Structure formats: structure tokens, C-alpha cells
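Read through the structures below before going on.
Paired with chain B in one complex and with chain C in the other, chain A is shared by the two complexes that follow.
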Partner chain A sequence: MSTDIQIAIVGSAGDGTIAAGDILRRAMAEMGYRVISFDLYPAEIRGFGKCIARLRVTDEQAYSLKPRSDVLVSLDDSHAIPHVSEAREWGAVIYESGSVTPLAEGAHISAHIDPGQIPYHVPIRELSEKSTGSARSRNIVVLGYIAGLFRLSIDGFLRALNSKFKGKADIAQKNEAALRAGYEEGARWFRLDDIDFGPPPAKGAGATVEMISGNAAVVRGALDAGIDNFFGYPITPATSIMERLASEMPKRGTRLVQTEDEIAAISATVGAGFAGARTATATSGPGLALMSEMLGLGIIAEVPCVVFVSQRGGPSTGLPTKTEQSDLNIAVYGGHGDAPRIVIAPTNVEGCYRCAGKAFEMAEAYQTPVILLLDLYLSNRYETVPFPAKPPFEADMNSYADTRGGNAAGFKRYALTADNVSPRTVPGQKGGMHIATGLEHNELGRPNDQPDNHAAMSRKRHEKLQLALKHPDFTHTKRFGDEGKVEVGVIAWGSTFGEALEAMILARAEGIRCAAMKVVMIAPFPTEAVAAFMADCGDVLIPEVNYQGQFAGILQAHIPRPVTRLARVPCEPMEVGDILAEIRRLAGRTTEQQAA
Partner chain B sequence: MSSNVRHHIVIGSGVAGNQAAETLRERDPDSRITMITISRLPFFNRYDLPRVFRGERDWRRFIIYPADYYRRNRIALRRATRVVGVDSTAQTLTLEHKETIHFDSLLVASGAGAYLPEDMSEFRPLLHGFGAFRDAIEVADALPKKGHAILLGGDTIGLDLARTLLDTGHRVTLVAGPYTFWPHEVTPEERPKYVAALQKMGIVVVEAQERGGIAGVEKGAKGLAARRITFGNGSDLSGDVVMPFFGVAPSLDFMLGSGVDIERGLLVSPNLRTTNENIYAAGDVCQIWTDSEHRYCFYHGWKNVRAMGELAARNITGANEPWVPPQDETLRLSKDGKIQSPFWEYQ
Partner chain C sequence: MGDIRPVYLEEKLKEVEDSGRLGYRSKALPTWCPGCGYFSIVDAVATALCDQGVPNEDAVVVSGIGCSSRFPFFLNTYGMHTLHGRALPVATGVKTANPALTVVAVGGDGDGFAIGGGHIPHAARRNLDITYLLFDNGIYGLTKGQTSPTSATGFKTTTSPYENPDRPINPLLLLLSYGATWVGQSYAGKPEHLRKMVAEAMAHRGFSYLHIVSPCVTFDKTHRTYANMGMKVRDLPADHDPSDKLAALREAMNDATPALGLYYREDRPTLDDALDGVVKRAGASPAVRKPRR
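And now, the complex of A and B:
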């Protein structure tokens, strides 16, 4: 990559840290760069707590943030000081040169800058006050400074600023003044760092590249797949899926209902699916727990529907604003009885779009609830995503029974077929029978508790899902890195795959033979592909953000082979450095060897 | 501070400051050492700056110690940080951003900045300095291939630069005056032979006095060289850059009001202590009491400055050794008529 620059802005809630990060990523995307970004902020109200906006700007889409930033900006030294070491050697540390109040020794960030880092001490407050009459635009001054220092087009920043403050002319005007003041200051400075923004990549034909969050990509996927109905109840970090759909669906003549709770939401979703609609709900772990009974109905009645689940720290109310991957077990196994379902987990924002659309296809094709599993890190992170000119989703994948002239009484809604998928009818279809029962049933859909029937129906419900592993135009697993035998293979799922991939790339650069596999489809488990990959690996490492190593457990249930679990609950995304350290350890590299 | 660990602070990260920090670490391994400097760059030798004209523009190739040197030696290097005041009684210093730091011993090695005579100061925006890396890059950018540099004053720093500029195919004109050859003292009788040596090097020498002194520096007219100097007698001179070399003036604003004695530089006894027992000074910033001269003297040049840094650090850490003035600091001519300055003997 000729451009690969990560910028971290650290401040206190109320400093405009997150807003600055937002404008910066919009500006970068506007210029044509690829962006991935993720913000950390406290749940507290304005004026308290640390906020960090991190974004990585590249010319090819990156899958994760880097372990170290190239530029670190402090909008509040007390919060930024613990993060100074995040700026790499010869990277830039940009900070306020002055102080309003006397400081004790060490309270200023300059005391903590490493000799290898390049200090940029900027009169941020003064520039803001001079250009706007107040210190409130310090965050925008900093953006202007970055643009000026790194010779980036100010126009991209101005457009991003104006779109952010659309309809607020006064604020936009002041911020433009602050941006220009910062820009002039930055352009004046003599650069000592080695940070270079190469030209943005040329715009490709056909696809449009947009910067979008994981949840927004899910919404886009659902809309492009032609969602008819959505029923939901708000819960962090899934709420924005419903909010976005709420503003989009009425425009398309489709319906969204906010129900009184999650049980009502899943009940309505299963009901609408039964009625033949493309339908979904969205929730997080606690909501999924409430939904599990009705999911069972969807499974036994073989009703297509989609459940978007964005995980957060748990159990119970847990850590609602922290990311975690600890709802995998409930997604795959949660519920009563033998209740197989499809669980897919995208690994990046583009994957959120594709998987959301594909979830509707699969739900219809295999007549089952499909869970799309995200987490807070993926839901809230932003990436630039190339969207194809035409949505890559099938509008209808139902296999309808031809009931013309048929005998409704003899219609076998749950016929045992060669591929275990029974042609379905929707209510109102002439000659069809419309049964949805929570009781075990026979092919006609009538209650039946005979052992042979239960065994046959259980097999049907399980076996049909295997078809999903061959679902058209869907990648259930993908290998990256070295081909053939490798010292260490990293297998990861969901949002952690990005960090795993980055760690694998760094390990290869250190001379370790290494490969990584992402597993997008977790149920049914792609045993064949994963086992083939593992056969090539000396050691297998599975990093995931939960305490138990839930994915490792599922994998070992299918492939009984020892793996190394890197299961952590840091309340943040997994660190690339931690995965890399474990790869080195497994590859038998000492610190001296890798330094050499 | 309640800690028993001594905190040595060194102001300045030039030759004197770095040598002092190294010696302090050797002699007081458990102490805290903080080095404060306005500079954003780690330490580099300023006499290396002319290398910029030979195409070396990456500052990393100039630095003397890698970043790891400071980490290993536990020298907290605070760059881009200006000291604005020292309270010798409270043993604290204040930084521009209002941070106060306590010291047990303070070594002032803040050096000296280029001196610009009062009557020249109004032309400052049109002059190119040469004290910092950035200055060197800016001059190199402003000077075209075979371009013409006009040096005013002509101290030894300027003359050293002139050698490189001539070597790299540029033209050099020296507007000579009382500062030519500074800090060497050249008698009126000797001066012509040194001026002739400069001319032999290829420098065009113009005596300012003969032209009625420098009257002004202005931007060159469109299509002509970027700068024009006018003289009192109405004559003029055009060049691409105009650079002042009038010697240096100690950087010690922040010491005013500190309670230690100052003349032109910080006054120190032969063991480099100021009038405060916890504050020492070394390098271009200080004037050392010299018995043989019966006065406080400056000793410039990197060799002297480095020796001062070492001596001050030794004395801070328990020694009580005096400064031994250098033997021979005079300007010489070699057998083949080339100017030789002890300040240029660093290769």
C-alpha cells in the first residue's frame, strides 16, 4: 500500500473528539481514500470520560486498525498521555502548546513524548479563539492543521464539514474559519515525520464507494434485498439498525413496527415470515435470549426470517457499550430442543452488507430463521465500501409449491424431499395448506409424536441447512496468507478477523510461515474447509473476544484437534499485538529473533 | 520533591547539553536527568548543516544519537519545550506552557542564537538564517543551481558554509565588515592576507565600509535575482539569498530575574558554577572567569563547548575542577595559503 496512515484523536467527552473523527473520515473518503475507523467513548454525559476516534486511511481497504498510529492528536492531555506510546517511531504527536492554568510536572503531554516521536506543538486554543471567537472549534482547528501539515486538499475537508453541519449555517461558517486557520498553521510547519499520503486510488468504474458503518451496511443490505417488514425493540448496539430502517422503509412503502418488547418483535417477525414477507428483527444478546422461544417456533414451523444480533459485553445488562463476541453460543445453540439455525457472522463492513442481503436469501431458500451476528465493534465501525451498481441479491428464493388444481387437504407442507426443503405455500395461495405449528408434525403439518416421524423431521430440519454451505455467491470461509504448509494458522470469526489478518501479515513480514482463515458461516459449520486448512497448520490459533473461547469450542465439536485459544475480554477489540505475540510464541520465535 | 533521587535538569540539547547529560549519567547512575530543548529534533551537529547542499536532506542522517540512546540512558528528552523562567531560590523552572519543574541541579546550556545588529533587524524577513535544520533546507530550496549567495558579516560559521557553497557550484559574495572572521580576532595588519585568502577560495569580497555600509535589503525586481542589497554609496548587489553571519548572542532571556549574575552571557566561575550553587552553565551561553585575562570570556566552537559540558557535569557530581582555556584559538594560513580555523577541525 502506498498510503497506510492511522490517526488517533484523543480527548474528553465535550471536546468534539468523535465529531472531529467523523469529519476526518468523511473528508478522507470524499478524497477517494479507503477508510476504516472505530471510536471509543464513554457512556457518560458530556464533560466526562475519555473519547478516542481512530481511523486508518489506505489506498486499499484495510480490515482492521493498526496496533500503532502514525499520528496522535491530543485534545485533552490527561486522557491522551496514557496513549502517547501509541504513536509510532517517527510518527507525529500533535498537541496544544499552551495551557490556561499552571501545570504540575508531567501534566503536559510534552513530558511523555518519546525521543523517537515527532512533536507538533500547536496553539490550538489560540487559533480557535482568533478565528471563531471561542475555544469550541479546537477540534476543527486540529483537522485543518492535519490537512495543512500533510498537504491534503482543504476542499475535501470543507465538503465534509458542510455536510456535517448542513442546515446550521452559523456553525458551518465558524468551523470553516477554524478549519482555514488550522490549515494555514499546518501548511507553515516544517515536517519532520515520515508520514506520506500517496495519491488516493483512482475511482473504479461501476461500483460507488461509500463510507458507512456496520449497522448502516446491514440496513443497506436489507433494503437492497427488498425487506418488506421489520419489527424491533431498541437495544444497544443494534438500535441504529431500527432507526435507519425507520427513516428508509416508509419511503419505500414498506413497514416497520416498534413493538413493546423483544418477544413481540420476534413473534411478529416469525408471523410475517410465515405470511411470505421478507422480514427481520434486530437485537443484542439480552434480546436474543428473550427471543429464543419464538425462534424455536420459526425453526419447527420452517419459517424464513432474519434476526440481526449485535453483541455487547454480558451476561445480563453486562457492558452495554463495550464490544464482545460472547453471544456466539446462544446464537448457535440458544433455545430448547434440537433447534438448528443458520448463523453467519460477517468480518467487515462490506461483509455486513453482503451477509445481510444473503441472510434473506438463505432464510427463504432453506426455510429457517437466519441469525446475522455482529458485535459493537463491527456495528459502529466505519469503512469505505464499494457498492455494486445493481444489488447482488436474489429478490425471491422461495421454492413455492405448484398448488394449481391441487387438493389442499392433501398438501404436504413438510414433505420429506431429496434435499429436505419442502415446497411451501403462503397464506392465500389457492390449493395450499397453511400450517404453522409448534408441535412436532408430519408431512401434512398435522401433530404427530411418533418416534420415526420425529426422527425424520429432526433429520430434515438439520440436513437441509447443509445446503447453505453451497449457497450461491456466498463465501463461508476464506484463506489468506501463505499457501501450503504453515507454521501457524489463525482462524477467526466476526470482527476479530480483521485483527487476526493484520497480525498474520505482520508475522509473515517477520519470516513466519503463516496463514489466516475467516469463517463467516458458523452454523452449519463448514467442517470440510476448516479441517483442510487445519491440516496445513503446525499450530492453530483462535483469537476471539469472549472468555470461554466459544468459537474454538464449536470448532472442536466438529474437528477434534487441539487448538490454542486466545480468548480475552478486554472490553475493546482484540489487539493485533496480542495475536502477533501469540503467533510468534507458537512459531517458537524469541523476542531477539524477531528483533533481528 | 520528597524523593531522594537527585533530579538534574539540563537546558539545551546542543553539544554542551548532550555531553553534560552523558557525563551526568556516567557519574550519577541513579539520578533523574531531564534535558529540555526548544528544538523539535534530537541532537545533531550544527556544523554538519552545510551537508544539506550536498543533497542530504533527511534529518535522520544528521542526528548523533538514535532515539534509543536516550531511552537506554534514561535521559528524559523534552523537545519543543521552552523554558521561560528559573527561580533559583525555589529551585524550579517554568516552561512556556506553565508547567513547573523542580531541580536539584540545573545546567544551563542554552547556547546562542545568530546575532543580528540592530540596524539590520528591519530586514530580517528577507534574510535567510542558518542556525537550524529547517533554515538549511529553506536556503537550499531558495538557492538555484549555480545560484548566488550573499553573506553578510562573515563569521567563521558563514565562512565554513561559503566553502561548501563554492564546492557545490554556487557563487558567493561576502559583504565584509567588523564581524568577518568572528570569533577570531584579526588585527588590521593581518586582515588583508586573510581577505586575499578568501578571494583565492573564490569568494567575491565586498567591503561594506568602502560602499558606505549596508543601506537596505529588498526583494529583487521581477525577472531578476530574489534579493537586492543597496549600499550607502548608491551601489547595489543582487543575489538569490542573503544570509547574515554576525556572530552569536547568548540565549538567556529566561534567566533574567533568576537571581544569577549575567553580563552578556551567564557569568560562571572557572568550575562553571553561576552565582547560585545549584546552577551551572556551559557552552555558548556562558562567560567563564579567566584569571589570565582578568575578565569573563566566551569560548566558542564545538570542542570548547563539549569540554565545558563535561566539566560542568563533573563538577555538579562532586568534582571541583577548573576550566582550562584552550591554547591556540587563532586563525592561520596554511603553506598553500588556505585559511585554517580550529573551529573547522571536526572531520
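And now, the complex of A and C:
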């Protein structure tokens, strides 16, 4: 039997909810399952806000979380009660059996469980106190209980605990005691639910599967692509990219500088790119706004560099800890003048790794800034990713000019060539001296404001980017679902593609002819591939997490055809159910029953 | 006065050609007005690069936007003519990527102290190993005569037609307190002094800041004219000790009559040293740069 189980743990800040989720996903990955996981927690460091750790365990990598969970765990009833309905029929609800103080009617979660849901009331606090002498290990007791209840190997949990609390012997000992106490309680229980973990998939040869967050995958991609320099300024939710690089780059002998602001970060990035380094910065929307002018310099002076952008809710300071896809317009169009750039947006964590590495290749090959667009949901979510033994990235894609013969008349850094990419030199290279300028310039890089020259250089800067659509080993678009003509085609980008794919799969199961396309490269726009897909679709649905339907707007600028926009700002990932409902509506099925 | 002797153009040309410093000048004609103080700065930088034996291809001159920022085009080296105010962070990237390069940042008073003012403290405190030549003419020249952060109070310009109400900042005082490890001042009207100071600034290992006061012959007919400046500038006291920061600060306070010379110098680990230290503490050795053809 194939495994597809989603577990949600709900608690209050301080209950160890997120830590429990982290250990659980590590344990599942240890056992060989595939995992996708995304946590929700309050913006404040302290307090009693609601924390939810959600993970979906499968044997083939899933693209999104499911609309409903199979297991709901409450570490705090007041926060968990509104989420009881999230557990599916015949699903499990695990909660504290004892209450410390007399509760008002309805304050205990047991009063809210549906008859179809299977309750497991567990003396969590008592088990924690008995096994460790304190109530602080309730989260670990619950993990042990899950392991025992679902007959999972306790070894995987122990390994996950040890890797999380490496070098802290006393904590490890208490955790093990709490885990075993929970395990024994779970193992002796009679189960009425229909949740079944199949055996974990056999580990494949060649690639090593690791559980990693989107931002960590970006870092891994940058390191595997041989990043030389990084300049950055902290900003949520991109900070962890810089933090990880700050720890990893020096181990490789390479350099990272924390600059005074985002303008300095992108300026130094462009400077290092000019000097020949593989270089990047990372930011979020507010930082990207500050960077737009310097990106223009990178574009006109044709300097390779990479900007990782993790979006959050905006405008202005907006919603720093909530996910949104509303910086697409600034990524694609931001800045003054005709300033074409490459914008790629991965759709899952594995994509974060591949796209990060490919961004460096593209920056070099087409001599231009490349924006890698993520969002908080993708940056912070965890997935199991198979990493190839050898990094799948080219170490150097520069077209260097051979200037050994000298250049008495001056080096034509911006030579107009057949493919619009000019041979390049970097400081230190004899005979290649030139000035990179933000002024419009001629082939020699000297200021020139003549109309013919401006037209030729504008054409060069735009046309060369078309090469990126044929970049080796890069998938700019991909179609999933039914082949040929379909009733509804869903086109999605970035993190929302996962939910779109899930909704499409569910719609097909209901008998709707349906397909989905992910668009990874947004600039230059893959018009041909998207138009071909749209030609197969009766209706086109574009779900995205922003108010304006920014991607739909960009698409329609290239392909003038009506589309249905599902543009929402829920401060959370788009709900699969919302996309599914829209697919049904477009396909003429008004309710689930009718579809079935 | 008896030792004045004629200078023959032929002799002078031969001397300049033989010096090799013309090899550091590009064929582009400077865009500055006749009489502008900036011509002598080009000559000073070319001479310093030549005398210090820096190969053309190992020098990168980075500028912002303004009259002075056209500077890189007039040299035969690598260069970046960037955005208004951003010469220093761009130079930070160039130097960090390739510490073997000789990096000179140039810019004007508006570029450096108005729009780019936020970057100077950080280049200084990190002791970025570059030379920053600040051409201060107290006015925005490229946009035809607007008030700058070093314009005198009471100066009438196109943006302060009823006299500039603001008080000018004191760049030397700022640089000294920011932690620049070499701070000096020179005057475009004294080309020999300028040449000597540029050479010293470029020879310094660390962040060297040379403030070059210069007239704007086109848009300032009243304040910083050659005539006025010539009267005002003086030398630092003969007994000034450049290792004495308090003395340097005291001299910098007196900006009514700008004193020329080296205010302050110290040896401190550079940003390159610091980044190499980080690599070492991480248990590695600095990466050998990939060979670039």
C-alpha cells in the first residue's frame, strides 16, 4: 500500500510544537519516506501565539500539503479546537486526556470532535512528568505516541532526536525516556482509524535524499555552482540564505560581506560580478525595491550576478512573516528604462536547488542579472530532495575574449555579435580594459547617445535573453495531467504550483479532463510553450497569491486570451480546495456530488 | 628670482612621454570645462599608477555620477562608472572579488556626502583597501549649479536663489571619526602637492581618503574661485603628527582656512585581512581565484 499521511500538530508558542514537527519530519526522512512540511507560527519571538507544524508523508515526493490532515495533534486545546475540522473522517485526533484545572463547557477539545473522527485521549502531561520529572517533554511524548500507535520504528525517531540535540547528553537522555513512554502508551492502544503507513520506499542508488528547506536548497545550489562572493542585508524571509552562506562559504575559502543596506548589497554584487566572480545577494520585496536602480546598471553594463528574492506580503513593510506572490511585477518590470532581465521561479524545494545553480550559469552565459524568485512558503518549507552525487552545474559559462594579441584601438566589450552576447574581459586581463557604464554606450563602452546606437544596444540587451529559453538542462515550463484537449488547464508559478497540481489531480479523480502547467521562467516569457498549452484548454485558470493577478497580467501581455484569475491574499498558501472549486465551476460541475 | 628658466614644449613632451604615464591616459578627451581643477587629478592618478608600477589591467577606477565621476573614461585602466552615490559599495565588491586589484574610487561632494553619504562610514570602518578621491567643488556642476552638502552658507545657487540656508558638512571630521586609516587634504590649484598626496594615498594599505578642494570655474564665481582658495588654503603645521588623532580632529575643526597635508594615518587590518581571518577561523584557506582568460 502506498503511504500518504498528513499530520498536523497544533500548540501554543512554548509548547515545542515546531520542534516536534521538526523531529517528526526528520524521523520520517530518516526512515526513507518522502516529506513535505510547512509550519505556521506567530511573528513575535515570545508570547502565546498559535503554532502549527504540518507534514505530509508519502513514498513519492508530494508537491503540496493536502487540504485535510489524517492526524491532528493538540498540544493546546484553545488553539487546536478551530482546527479539529481539518482532520478527515476516520482520521485521528490526539489530545491531552487530563485537564489541570476545571474547564468551562466546550473548552476541551473532546467536545468538538466529530463522530466520524477517531479520538485518542492520552495522558500526555502525566507521561512526561513520570518519564522526565517535568511537563516540558509533552511534545516528545506525543511523538513517541505517534510512533507506537502507527507501529513506526522507534529507531528513526531516536536518530532524529540525536541529530537535533547533538552533543547535549542530558537532554538526549530525557528525550529518549519521554519518547519511549509515549511509544509504549501508543503501542498498547487499540486503533479504530484507517491510517496505514506502508513500508518506506527503498533507497535508490546514486542520489542521496536529504530533508531540506527551500532557502537551504538555494544555498546548496549556490555552493554547488561555486559561488565566490555574497553581499547581503538581513530581511525576512531571505535572512536564512545569508546566515547559511555565512557559515558555509568561509569553509570553502570564499567571502561574504554583510553590507550597510540593500543598495550596498546589490552594488557590491554588481562590482564583484564585473570583477569576474560568481556572486549573489538575497533579499525580499522591500530590498528588491531599493535594488532596482542598481539592477538597471547590471543590465545596461551587462554584468553577471544573481539576486535571490523571497517574497512576503506587501506593499511597504506589509506582512513580513506571511507568504505572498506579489513581487512578481517588480521582479519582472521593476526599475526605470527598458531593463530586461531573467526571472526564474522554482515551484518546489528541489527546484530551489536546481534554479539557484542554473541562475549562476545563466547570469554568466547571458551577462545579465538573474532574479530567482521565491516566497516565504517555499523558503521555509521542508521537502525531501534527492541530490545528485555530482553537482549538475557548469563551473564557468563565460564567453571570455582572447585579448592576448592586444587591442590598440580599444577592446570592444559590447561588440554587436550574431547571438547578441559579446566576448567579455575582467580586470586583471591584459588588453581588455574598458569602462562599464550606466550611460548608454557604444561597442567600446564609451558614452554614446545617438539613436542608431541606442536602438542597436537596446535590441542586443533584449534579444540575448531569448537564449535563456534554450538554456541547457533547464525546464522553463512543464505540463502535467491529461494529454491533448482538456476542459480546464491550470497555469501556476512559484510555490502555488504545488497546490494547483494537487487540485488538478483531485479534479481528474472526479472525472474532469484537466491539466496543469508550471511556468518556471517568467522572463523572458516562454510564450510558445504556454500558448501551445493554452490552445489545448477550454478554460485557463491562473491561481496565485496576490491581489492583482500579476502573473496573469504578464501572461496576457504575451498571449492576449481571456483567462480566469484566482488571485487571493490569504496570508497563507492558496488552499487546494479553492482551486479545485474553481476548476469544478469552470468545468460546469457546481458541487462535489455532481462531479462524482 | 634669478633661477627662472624657460620651459620648452618639446622638452616637456619628451619628459612626459618618457615617464610612461601617458600610457595610463585614455584617448578620450575629458568632458570638463577649461580651467577645471579636475585635470590635475587625472594627471596625479596616472602618475601614481605609473610610478607605483601598477599594470593598467590590474587597476580599476570606480566612480558614481557627476562631473568628477566621468573620471574613469579618461584613464586607460578597467573602470566602472556606476550610479549616483554608489562608487564605494561597488568598489567593495570589486576589491572583495579580487584583492590583487588596485582599486580607486572617485566622486564629487554631492555623490559622496549627499546621496552616497551612508556608504562612507562602512567603507572606512571596514578599512576597505582602496583609495577614495573626493573632488569637492562645493556645487553640483554636471546639472549646472545646484547646492551641495559642502556649499557655503549664503551661497546663491539655482536651487537656493535666496542663499543656501544650510551649513556645510565637515568631510575630514567625518572621515576621521568614521575610522578611515589615511585622511589627507589637497588642492587642485597645487598640482605638485596633489600629485604627492595622491601617490601617498594610493601607497597606503587600507582605506585612504584624500579630500581635494577644487573650484568650479563655471558655476561658482564667488566662493571657491582659484583666487579665493589660493588665499585660504594653508599647510598643516610643520609639527603636526599624523599618528595623533586628536590633533588631526583639531585641525579638521578649522575648516575656514583648509589645511593641506596628511591629517592622520594608522595601520589596521583591512577588510581583506578580516575576510581571510574568517576563512581561517572556519578551518579553511582563502580560495585561489579561478583562472580567468
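Here are some notes:
Here is the rule we use: the second predicted complex is superposed on the first by the 585 of 596 C-alpha atoms of A that agree within 3 Å, B and C clash if a C-alpha of one lies under 4 Å from a C-alpha of the other, contacts with A are read in each partner's own complex, and residues count from 1 in each chain.
Methods note: a residue touches a chain if its C-beta (ideal position, glycine included) is under 8 Å from a C-beta of that chain, and two chains touch if they have at least 3 such contacts.
In this text the structure is predicted, and so the values were computed from the model without any measurement.
Annotation: superposed three-chain arrangement on chain A; chain B versus chain C shows no clash, the two fitting side by side. Touch criterion met: A:192 reaches chain B, while chain C stays clear of it. Centres of mass aside, this uses C-alpha centres: at chain A, the angle toward chain B and chain C in the superposed model is 150 degrees, to the nearest 10. Contacts of A:407 after superposition: neither chain B nor chain C is touched.
Once the two complexes are laid over each other on the shared chain, residue contacts for A:113 go to chain B alone; chain C is not touched. Note on chain A: of its two partners chain C and chain B, the one contacting more of its residues is C.
Once the two complexes are laid over each other on the shared chain, residue contacts for A:104 go to chain B alone; chain C is not touched. With both structures placed on the common chain, the touch criterion links A:317 to neither chain B nor chain C. Between chain B and chain C, the shortest distance over C-alpha atoms in the superposed arrangement works out to 54 Å. Those residues of chain B that touch chain A in the shared complex are 40-42, 59-60, 67-71, 76-81, 95-102, 134, 137. In the complex of the two chains, the chain A residues touching chain C come out as 226, 228-229, 231, 247, 250-255, 257, 259-261, 263-265, 267-277, 279, 293-294, 297, 301, 395-396, 398, 400, 402, 410, 426-439, 446-447. Within the complex formed with chain A, the residues of chain C that make contact are 27-28, 55-60, 62, 65, 72-73, 76-83, 86, 88-98, 100-101, 118-119, 121-122, 126, 271, 275, 278-279, 281-290, 292-293. Considering their complex, residues 89-90, 96-99, 101-108, 110-111, 113-116, 118-121, 190, 192 of chain A touch chain B.
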